[in-house]
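Structures for review follow.
In the two complexes that follow, subunit A is the common piece, with subunit B as its partner first and subunit C second.
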Partner chain A sequence: MDITVVFQIAAVGILVAVLNQVLIRAGREELAMMTTLAGLVVVLFWIIQYISTLFETVQTLFQLS
Partner chain B sequence: MILKILGGVFIMISSCVLGVYYSFKTEYRINDLFEMKKALTMLISEIEFNLSPLAEAMGNISFKAGIPVSKIFSEFSKKLGSDGNSAFEVWKSVLKKEAVYTYFASEDIEAFISFGQSLGFLDRQQQHNNIKMAISYIENKIPELLEKSKSNKKMCRSLGVFGGAAVMVILF
Partner chain C sequence: MDIIQIAVIGIIGMILSLILKKENSGMSVIIGIVVGIIIFMGVLPKIEAVIQMLYKIVSKSEVDIKYIDVILKIIGISYISQFASQVCSDAGEGAIASKIEFAGKVIIIVISAPVLMGLIEMILNLMP
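Presenting the complex of A and B:
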């Protein structure tokens, strides 16, 4: 697994948290919510392949299929 | 790697510039509204005291008003009577054409268009009242915009910087 993806997720987390605070302070709660959702979707896109690998590993480990 | 860093720097610069531009947009709109108010006040004095015809009054105002607004008045005075359209039609077309060069929002344009509906055919007192109505729209709008620009300014700048950083991280 590439370690840079962890740092990328951390950076996106920090930025989304700051953006969220800025938008809430400006009274744009709905935009803050959208930003958080967008950050979540982007991070999910990055890690979806690793989740899929994890499921496959679990399947082979317990011989489920 | 150098190309990536260069791209990141470009993204940061452009997003910061965009943030600063949006933070100043409301201020520019307030300035334009101030100019329009000044021009309309001059129009009242042209109608009331100088008794000038509309085209001439508008032409005189265009020399005195500030840049984006003066263009609307000068175009109006040039076009009025040249192609046989009514004053309202000319006002509407000029306003829609010249609005691109100003920072007026669509609600401002609508207010000024409705002001133009009575241009050129009412008596002096009615025209005076109509101009007063447009001026009172501007006077009501400016404090609201000043309040809005205070909170928007900080938000737009922070959004520019952090949005740019987020795009850079996502694309890196």
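Presenting the complex of A and C:
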């Protein structure tokens, strides 16, 4: 649980944003849209495990169902 | 993890999500979620210590243990519903946030119903 995850996600976000601009300037808007979606999906898969660890921890900690 | 580390992580997360807010607003919400999770995991051992202390206090007094379980459940549910609703309102989805809050309140009422019933019966027994 350290901050490198945040930096990785920020790096992916910035990369996708730059790629987006480059593709838009090159006149391929639909490809730009695709790369944004792809970047978002990749990051979502990363953080799914973090969210599930959070909810499992809270469940065990507070004896929820 | 002391408070300075937590503050620094929060500020770094805020800056990064601001950078990403314009082009890639989805990513900035995700960064908000991850920073929230990191800070909670950092405070986790302290929360466990508080809960152990709570159990110790209760075991000394003659209060029934199930009341503390209900209290802990309510704290857990309110934490999760607050976490989710604040993330939603950060992302601009006020409607979803209020729905989550509403559902959390209903669940808390359902869980605390037996305690309320016990209280009412106790009061009725006291009445002449």
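Heads up, the rule we're going with is that the second predicted complex is superposed on the first by the 62 of 65 C-alpha atoms of A that agree within 3 Å, B and C clash if a C-alpha of one lies under 4 Å from a C-alpha of the other, contacts with A are read in each partner's own complex, and residues count from 1 in each chain.
Note that in this section contacts are C-beta pairs under 8 Å (C-beta built on N, C-alpha and C of every residue); 3 or more make two chains touch, one makes a residue touch a chain.
Values in this document were obtained by computation on a predicted structure and should not be read as measured data.
K.L.:
Does subunit B (first) or subunit C (second) touch A:12, or do both, or does neither?
P.N.:
A:12 sits against subunit B and subunit C alike.
K.L.:
Could you look at A:22 and tell me whether it touches subunit B, subunit C, both or neither (first, second, both, neither)?
P.N.:
A:22 contacts subunit B only, not subunit C.
K.L.:
Applying the touch criterion given at the start, work out whether A:42 contacts subunit B, subunit C, both or neither, answering first, second, both or neither.
P.N.:
Touch status of A:42: first partner only.
K.L.:
Could you let me know whether more residues of subunit A are touched by subunit B or by subunit C?
P.N.:
C
K.L.:
If I apply the document's touch criterion, which positions on subunit A are contacted by subunit B in one structure and by subunit C in the other?
P.N.:
12, 16, 39
K.L.:
Which subunit A residues qualify as touching subunit C in the complex?
P.N.:
The contact residues of subunit A facing subunit C are 1-3, 5-7, 9-10, 12-14, 16-17, 20-21, 36, 39-40, 43-44, 47, 50-51, 53-55, 57-59, 61-64.
K.L.:
In the complex, go through subunit C and note every residue touching subunit A.
P.N.:
On the subunit C side, the touching residues are 9, 12-13, 16, 19-20, 23-24, 26-28, 30-31, 33-35, 37-38, 40-42, 44, 47-48, 51, 69, 72-73, 75-77, 79-80.
K.L.:
Can you tell me which positions in subunit B touch subunit A when the two form their complex?
P.N.:
Per the touch definition, subunit B meets subunit A at residues 151-152, 154-155, 158-159, 162-163, 165-166, 169-170, 172.
K.L.:
Touching subunit B in the complex: which residues of subunit A?
P.N.:
Residues 8, 11-12, 15-16, 18-19, 22-23, 25-28, 39, 42.
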